[in-house]
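Each of the next two complexes has chain A plus one more chain, namely chain B in the first and chain C in the second.
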Partner chain A sequence: MFLINYLNHQITMTENIDLTLLDWSRAQFALTAIYHWLFVPLTLGLSFLVAIMETIYVRTGREEWRKITRFWMTLFGINFAIGVATGIILEFEFGTNWSNYSWFVGDIFGAPLAVEGIVAFFLESTFIAVMFFGWHKVSKKFHLFSTWLVAIGSNLSALWILVANGWMQNPVGMVFNPETARNEMISFWAVLFNQVSVDKFLHTLSSSYLLASMFVVGISSWFLIRKREGYMARRSILVAAVFGILASLMTAYTGDESARIISKVQPVKFAAMEALSEGKTNAGLVAFGVLKDSENKIGETKLKDFIIKIEFPGLLSILTAGDRDAFVPGIADLVKGNHQYKLISFEEKKSRGEMARKALMDYKSAVKSGDSQERDSLKGLFSTQSFQDNYFRYFGYSSVEKAEDVIPNISGTFYSFHLMVVLGFFFILLFSLALFYLFKGTLAQNRWFLWVCLLSIPLPYIASELGWIVAELGRQPWIIQDLMPVSKAVSNISSGSVIATFFIFAALFTTLLIAEVSIMVKQIKNGPKH
Partner chain B sequence: MTTIMISHLFLQNYWWIIVSLLASLLVFLMFVQGGQSFIFTLPGSEMQKTMIVNTVGRKWDLTFTTLVTFGGAFFASFPLFYATSFGGAYWVWIAILFSFILQAVAYEFRSKPNNVFGQNTFDIFLLLNGALGPLLIGIAVATFFTGSQFSLDNMNRVRWATSWYGLEAVLDVRNLALGLAVLFLSRVNGLLYIVNSIDDEDLKKRALERLPLNTILFLIPFLFFVIAILLSKGFAADPATGTISFERFKYLHNLLQMPLVLIIFLAGVAGVLYGLFIAIFKKNDYSVWFTSLGTILTVFAVFMLAGFNGTSFYPSAYDLQSSLTIRNASSSEFTLRTMMYVSFLIPFVIAYIWYAWKSINVNKITDEEMNLNEHKY
Partner chain C sequence: MKLGQQIISGFFNLYIDGFRNLSSSGKKLWIIILIKLFIMFVILKLFFFPDILKMKYDNDKERGEYVLDQLLKSPDNHD
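Let's look at the complex of A and B:
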């Protein structure tokens, strides 16, 4: 829904773009990404849980642990297949639907994608066959080793795609080459160790471990409610709750880190997350709030005020800059500029971006007319650090018409972010209670708690998707922060084709999801094989 | 000295070789699709069907991953191809992907209880992927020789000239011929893999019975495509200026001017034919080794013909000068070099795949194994 609202809001954006094409291309990417992400976190987390369980089996030699391992492994397999199915389309969609983007950044984005294929996917797909079919064909130790390699392989595949995503949020390690009209990588390590990518990787992984732990705890609780498989359920809860509490604490910590870095590299997104219209010192961190349209407008876009809010005074300033008196810029400061805090306005960024674009066009005509002196001097200009830092870095603004077009959907970003955070704290509480009751030996008696665990299974899924909505909605209109708006990235195909594929994928993925859930529920009801 | 030798030109050639290698491994591994395409016609019993599905099914992931890596490596090394072809020939690629989405769930879901749509639906998914995957990939690769309908602007943005977005490729009989050749080659390799990996005399007999017809259906379009391409004009790129022009017998010239490629090509074709010969006439269980190796060599040579010796590997018949070569479509020298270091891992990857494959394939698949209480498709 946020997406639809945002799309409506974007209709005002112009510049000879086929808006229907842009909207449907974005909708298709959102659809396929959201579907894919329903399955990936469980794969990432459950692979490690299964590996831990099998390790216990190999070390203790107890047959019960083998049974436990195989039960969760079966569920892993069902989920894995549909994750793979929904994943392949995403890789190729960069080309099919965002081809201009693919060329503009292919020199950087392609490398992590290829490394992902060579290093991670083969590890995963090769050893998954051993994991499923090798129980009686390879030694116990080699089988265990394979299970661990599947976990490592699947987690490594997440690394590279997140590095690519992190680069889009904070483009580093490259320089623009006017000759080829694209960004070219100059430091692989800068791309790999980009602060945004590192935080994103750790936050995504820990939240996925949390999700898988909740899945295991929830399903095990169902067995306890039904008074079935008591041994397996309690052992599974023990492993998953320990893993889950570590993961949820790690999620909170890395989330905090991520927010801090976003406040530096994507301040507009950060202001939208907090619905901060006007900047201030001693800014409070909103714990809960309801938004309304403000009288304060930028162009035709109304900013937001709070109907009610509960906040921790000064905490936002402290968290972002370590100081209660630090200024946290609001959306108005970031768009209109603020002299006192050296924030430059949208108009200034746009004019700098236009100068960079003009230099590129002049370079192109110099090449065409054979004016080698002009060509070389402009090429020289592009290679200077000050031109890259002060002009080219605003290149994308030359394609954005109005100031309000750089403001993301504030309500969507704000509510998604806050709901995610609240859920994050709830999970810490839940895993703590699960361990508490388990050690007290009263878990099975507290049926209300078992029900809470069971009903909480969908919550980490919601939180995880909300996290992506914050990341992707909050950075609009940029596909690459400040360098390229989505409108410039889209493939030049008929909107009819994209509308058709949108509905094909919507129908197909929904169909497959129905089958997946039905199979999963049946396998759970069947329980472990005796 | 080394820095001079590892020039941008060298790296572009190197990456074309890697991409070609991935393509040839992909076509070989499509024996999985070939096997799937027989799901309704080959087995004489439910048990035989189960054995077929489980035999090729244990390798589906590998084919799938090779396709994904082929896409990723192509993106990384020749991003302009990725942007142009995927963003232009939209429907061809979407159709290919669609069939692979169906495959990825079909194995895991087909025999599970409560799968909502029934085993037959998922088996039809396997058939669709088995038939459409190789056919469409073959057609897409044929356009490397016959050309596509696109133009690029001065910012390298693609505009496709037809509203069919790639599907028009089906209308060129040469494209269709390569599509059919890849399809029937996959089917032949699928049959021979089944013969090699399943311990069932009746199934072996049934598979070998189907071999001659599928061999003929592979050979006719394959020879037609090869002859048509060798005799037709091709898209030549001037090494100095990059200007594209038509050259008569371009691909024949390439073959003769690159004797090593000629040898690889002939060795590949000979390997496939020898494998088919010993399978049909000697009922040999190991013929799949020869046809597989032959497939890899042949496809590799075909890619060499498309990209090397001053040739456009992704030509535009609509606007000649928009045609892509491994020179104008590649990544920067820095990126290609970085990626080259990563590619040194490939032998290691192949080694562990080989090891894992061997440990799973130690014994032939039997009906007893299918009846065990184990993970099964």
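Let's look at the complex of A and C:
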């Protein structure tokens, strides 16, 4: 009883949202999302690698391939089991810590996640039993079919949550209903085929395939270092390195496409990724750079300059617009506005956002006063395309006080992005070398290389997490681009409960991670015979 | 109908046999899963993660009004 009273007190809405609450809520979500993402990409990628290996087994009928498949399938199973349902915690947080946001997004999240629940989860949970328990009980072909369905099902699960995230980066296909204070989906296809979502899905999947390939190559290298399971290790490296190279190239291609899309729909994030303070034509692509505070300020926020940088001249202009003379706007242009390039300023966006806010306030007054004509007229206004495009799309700016508040953390976004890209190219090199040594027949002799592969297992995890940090940190202060800042999204609850659950999650996820690693290490040491 | 019943009973037998013949690592894994799900759905969800708007307001109309009020607050007024 005491506990319930205490918790009720903790979740009683307080009068003020303070920065402590906002920061802890963000930290809590970041912690749980980052931990959750430690489990997901291996499931997505390894499921396909296992399916490919089993296909080889069914086609060749060679018993060694069955053994190889079962070994990697066991590791897939451990990761799947430990990671399953960790994403549910994020949904808990939406309802408790981000209730305004959850309400505001309306059915945009509900519809895709419902489809996920029905289709993908059904596919996974049904056929995963056949995959693990069905050896010798169903035909080879039906078993293979089940393995492929698990792979497709788990990848489809990722689609829907990425569609939802894509909408947060680039809200499309909806109309705001002032009566319910919710966004309502008017085009499922616009939401599904949102250019951000499509590219995000492909980029996330290909990077997950890359991660799983590195995992297989790394562990196989360990077997070769220990002079164990040579046949299995070489065959696994062959499959994973080929899959890994294709995935790495796909990751690079979709990453390039992603940057191009971001430059259009989230230009401030793009400028932060390149630490581009002032816009320019013939803009160079920074390959390496170290930042320092600039003398150039917006409000109290200092922009960034480079202490040192290595860049490809003109390449940023070419990559974003296909033309060396194309203008790439910097943060200052995007915040202060630039008439020459038709970039509207923060002040103008704020003014338009405030007009949308005023319309919403008038609607509320009309409801209160019973003026049904005014109410219906204002409700109709919100569903018109011109009002949506010119005013409501800037609604979030009405909640932002100062121009500098729309600038994300430039250093964090820049370094995360560049480290991710460097790692991406490193993986292409590593998989290429693995195949080179394998075909040359000298893989086992190059022990240094085997050690590099083994020690590289964590690197795709780091790259994958950095990708999410770029996506989410670079979007700040918005939770929904231009529509809702995080400060409006957070629930007005006691920060004490958020701090408490932050540490509970930290303990829970750390325990799960330790359990996963220890069970996996034991299973790897046992090898395929067991 | 008989075929349908056979498929369903075959499916359940697959699960039952599978769980009966779990390795020691598999058993350990399932214990971890069950503890995790208990912590998540019983302890965390029930005691720490109520749906705030559902708890505080009786119907969607009230919830919508509350969120609308939050959206309409000016940035310098968090009350």
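We take it that the second predicted complex is superposed on the first by the 512 of 530 C-alpha atoms of A that agree within 3 Å, B and C clash if a C-alpha of one lies under 4 Å from a C-alpha of the other, contacts with A are read in each partner's own complex, and residues count from 1 in each chain.
As a working rule, contacts are C-beta pairs under 8 Å (C-beta built on N, C-alpha and C of every residue); 3 or more make two chains touch, one makes a residue touch a chain.
All of these numbers come straight from a predicted model, not from anything done at the bench.
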Item to complete: Using the overlay on chain A, decide if chain B and chain C clash or can fit next to each other.
Response: clash
Discussion item. One more residue to check, A:S207. First (chain B), second (chain C), both or neither?
Written reply: neither
Item to complete: Please determine whether it is chain B or chain C that touches the greater number of chain A residues.
Response: B
Discussion item. Looking at A:S248, would you say it contacts chain B, chain C, both, or neither? Reply first, second, both or neither.
Written reply: neither
Worksheet item: Looking at the overlay, what does A:I88 touch: chain B (first), chain C (second), both, or neither?
Response: both
Item to complete: Could you say whether A:R357 touches chain B, chain C, both of them, or neither, answering first, second, both or neither?
Response: second
Worksheet item: With the two structures laid over each other on chain A, which partner does A:V400 touch: chain B (first), chain C (second), both, or neither?
Response: second
Discussion item. Under the stated touch criterion, which partner chain does A:A181 make contact with: chain B (first), chain C (second), both, or neither?
Written reply: both
Practice prompt. Check the residue A:F127 against both partner chains and state whether it touches chain B (first), chain C (second), both, or neither.
Written response: first
Discussion item. Quick check on the superposed pair: does A:V115 touch chain B, chain C, both, or neither? Answer first, second, both or neither.
Written reply: first
Worksheet item: Of the two partner chains, chain B (first) and chain C (second), which one does A:S99 touch, if any: first, second, both, or neither?
Response: both
Worksheet item: Can you tell which stretch of chain B collides with chain C among 59-67, 95-103, 221-229 or 257-265?
Response: 95-103
Practice prompt. Could you give the residue numbers on chain A that contact chain B in one complex and chain C in the other?
Written response: 77-78, 81-82, 84-85, 88-89, 92, 95-96, 99-100, 102-103, 126, 129-130, 132-134, 137, 180-182, 364, 491-493, 497, 501, 504, 508, 512, 515, 519, 522-523
Worksheet item: Can you list the residues on chain B that touch chain A in the complex?
Response: 58-59, 61-62, 64-65, 67-69, 71-73, 75-77, 79-80, 82-88, 90-91, 93-94, 97-98, 100-105, 107-109, 112-117, 154-160, 163, 165, 331-332, 334-335, 338-339, 342-343, 345-346, 349, 352-353, 356-357, 359-360, 362-363, 372-375
Worksheet item: chain C touches which residues of chain A in the complex?
Response: 3-4, 7, 11, 13, 15-18, 77-78, 81-82, 84-85, 88-89, 92-93, 95-96, 99-100, 102-104, 126, 129-130, 132-134, 137, 178-182, 357, 360-361, 364, 398-401, 484, 487-488, 491-493, 497, 500-501, 504, 508, 512, 515, 519, 522-523, 530
Fill in: Complex contacts: residues of chain C adjacent to chain A
11, 14-15, 17-18, 23, 25, 28-30, 32-33, 36-37, 39-41, 44-45, 47-56, 60, 63-65, 67-68, 70-76, 78-79
Practice prompt. Under the touch definition given earlier, write down the residues of chain A that touch chain B in their complex.
Written response: 74, 77-78, 80-82, 84-86, 88-89, 91-92, 94-100, 102-103, 106-111, 113-119, 121-130, 132-138, 142, 146, 177, 180-182, 184-186, 188, 364, 491-494, 497, 501, 504, 508, 511-512, 514-516, 518-519, 521-523, 526, 529
